[in-house]
Amino acid sequence: MTGLDAFGPEVHEEVARVRELVSRLHAELPRWELVVWTAGNVSQRLSTADLFVIKPSGVTYDELTPESMVVCDLDGTLVDGDRSPSSDTAAHAYVYRHMPEVNGVVHTHSTYATAWAARAEPVPCVLTMMADEFGGDIPIGPFALIGDDSIGRGIVETLRESRSPAVLMQNHGPFTIGKDAKAAVKAAVMVEEVARTVHISRQLGDPLPIPQEDVDRLYDRYQNVYGR
Amino acid sequence: MTGLDAFGPEVHEEVARVRELVSRLHAELPRWELVVWTAGNVSQRLSTADLFVIKPSGVTYDELTPESMVVCDLDGTLVDGDRSPSSDTAAHAYVYRHMPEVNGVVHTHSTYATAWAARAEPVPCVLTMMADEFGGDIPIGPFALIGDDSIGRGIVETLRESRSPAVLMQNHGPFTIGKDAKAAVKAAVMVEEVARTVHISRQLGDPLPIPQEDVDRLYDRYQNVYGR
Amino acid sequence: MTGLDAFGPEVHEEVARVRELVSRLHAELPRWELVVWTAGNVSQRLSTADLFVIKPSGVTYDELTPESMVVCDLDGTLVDGDRSPSSDTAAHAYVYRHMPEVNGVVHTHSTYATAWAARAEPVPCVLTMMADEFGGDIPIGPFALIGDDSIGRGIVETLRESRSPAVLMQNHGPFTIGKDAKAAVKAAVMVEEVARTVHISRQLGDPLPIPQEDVDRLYDRYQNVYGR
Amino acid sequence: MTGLDAFGPEVHEEVARVRELVSRLHAELPRWELVVWTAGNVSQRLSTADLFVIKPSGVTYDELTPESMVVCDLDGTLVDGDRSPSSDTAAHAYVYRHMPEVNGVVHTHSTYATAWAARAEPVPCVLTMMADEFGGDIPIGPFALIGDDSIGRGIVETLRESRSPAVLMQNHGPFTIGKDAKAAVKAAVMVEEVARTVHISRQLGDPLPIPQEDVDRLYDRYQNVYGR
């Protein structure tokens, strides 16, 4: 028996499809060097039920299969799967409960993004690709302990006041969101890339800021005209 | 129907050959860690018609095939292909219109080159391999927004006053040129390598300059005597 | 004849199993970029005899096989195997003699951990993942020459006063311990990761400390509640 | 016809064996990230004739085969092979003519070693693995232009006054030597590793020096007692 017995065939079908997708997207994290060992997790919300698929806890990237992915409800309670959900499940669930437009969440400890997070310093928007993808600075979220809703609340409160799909949680690391898991993975890849490039630029002097109106034009074009 | 119907068999043959070549050269960008996700693009101008082959927009490196490459005319208008051309197509087209000796263009956001670009600081010529390949400093191009000819014009105006086949567009990233796409890819690999090495050298002090006459001797030898 | 003739079948069986395990775990060291050439070694103590399995000396990672692993007693004397044990065997043996709860030891010269070791500067606990895994700062061990018990003694004396499973031996590099070789390998991967992230954070300013009571809560949860 | 016709069968046999070896060792250069594109070269002197085998010029690492390797005499003149010898052949030849105990030479532009070379600053001996492998600081050679014996003479004069098998040629990059090509490749890997680790250590403060008598003890043990 599984908690999925209460759901119809279209949910079972979507669970199978999203397990496959989320399992495959986890391979992007080591590929782009965003994680070591078992750190980092990807989830996607279903469109057919108030459920999401997420990585199980403590499983290495080599061992991940569609079958090992677990299904949780929006309180983060395990509904289907042989293993415990990721220890970050409560944060993913909180985001899904409070941001209905978000259907994908990713968390990593990627090095350069986490380095900015440890100083609680936003990444300034000094690259055209940052303007395109993030629409401005990448913001810092509060210091929050795992174990209750603090991390989820910190993510949601920070992202609601920003165009950025990425937040750097202080002393912790980046969380990213998207319309689906693939978009959130792309944001996780891009946040590390721009955190790294701006870090390196700052090592030898001050990068030139991009005027806000140009940031706005680039962001609008990339998100709208360019069809993203 | 395709816009290629108006062209003869030698053009069709070259299109097939250059699609294969440009597709294969794109694999060099992730291989040398010059790009993440779908960023970066390579193009080559045909010798049999006023056309060039370039990467389609938003396609990941795993999905690139010769068939997915697109063909544009020198105004950057799509002539053949199932997808939209790269959003940087207008810049490539401008270069081909204004630099007849250039038959290959590459654009990336490679990390160290982009870090210098964000400070609008040329990479000083302090390595013999820079003298060989670039003949001096690697210059900075103007800040320019995507959407009209500004980027292309900035590339051409900067490169015309330099021996360097690479320009670092301010707050944006490197563009490189060559007699063919392979030469432009090599320049893209080398600009990141020297941007990285000089950055690292500068972190702990001032690299020693190479006297201009020695730069000139090294450049002449590498480009002429050595047969490049 | 081999020194294993004096031991019963359960020891022979465990030796075969641990040779396979230790050989396989060595592949994690180049995979996570902790070693170059032949540097770095992993060992695991047997549960059925006062013996441990360790890498042979001077063998490259491509050539490692279960059969090439060597078996030593707790004085570090070769008991079984065709090659000399790693030159770090005496340090592993000392740890096993003096820390009965430790059954796995790893040594590398991983870059960022060794960089902190060369300055004899502990890595400060400014990341939640450091609090989870290390329970505080990563401590520095004394400068010690190879050839007698100095290195082993330095490791044991430092780790006894810390919750960290990793010690950075001054001017030398990290040693890590665990309940088995896999746990010690994980600690070797994590010590490099946090040494690197904190280094990068410190390059542009001062990372924010995590209050000791929060470090304690995170450590307790990760080690106990979370079931590690 | 080839210049090898004048030599006996034992030379032909050794040429075949060393071509295979030198071709295979070139793969270590990209593997350890010491080179990009076609930069970097490995050579080994024959024991049966005053000849050495070296990489051809301008060939990428994917295209290297035993057959593409070329054979030169100790003046650097091509004796056998279908392509031009590496443009660094004169420097290799000079080393073989003046250092009879050296049978392997490697040249790269590896990033961190070249970064120290651009500042003309020796890498200080602050790591036990440096004491083991290099016996002290890694020295700087003079600025020298390609085209005559200047580079070879700079290498030989610098290495004669040092225990180090590696020299960092100013504004250029490292050259390493060894009793055979494999030993020189190992030195090329290790020089980059220690140049990188000491660079990173120095970024946040001053690494602690190792007393000269301890450097001497470590070097003697590693080179003699330990059996290298």
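For clarity, chains are labelled A, B, C and D in written order, and residue numbers in each chain start from 1.
The criterion applied here is as follows: contacts are C-beta pairs under 8 Å (C-beta built on N, C-alpha and C of every residue); 3 or more make two chains touch, one makes a residue touch a chain.
Keep in mind that this is a model prediction, so the values were computed, not measured.
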From chain C, the most remote chain by mean C-alpha position: B
Separation of mean Cα positions, chain D and chain A [Å, integer]: 46
Inter-centroid spacing, chain C versus chain A (mean Cα positions, whole Å): 32
Per-residue overlap in chain C, given as positions that touch at least 2 other chains: 203
Those chain pairs that satisfy the touch definition: A-B, A-C, B-D, C-D
Residue numbers on chain A that touch chain B, as the complex places them: 32, 126-129, 186, 189-190, 193, 196-198, 200-201, 203-208, 210, 214, 217-218, 221, 226
Contacting residues of chain D [partner chain B, same complex]: 36-37, 39, 87, 109, 111-112, 114-116, 118-121, 143, 145-147, 170-173, 199, 202-203
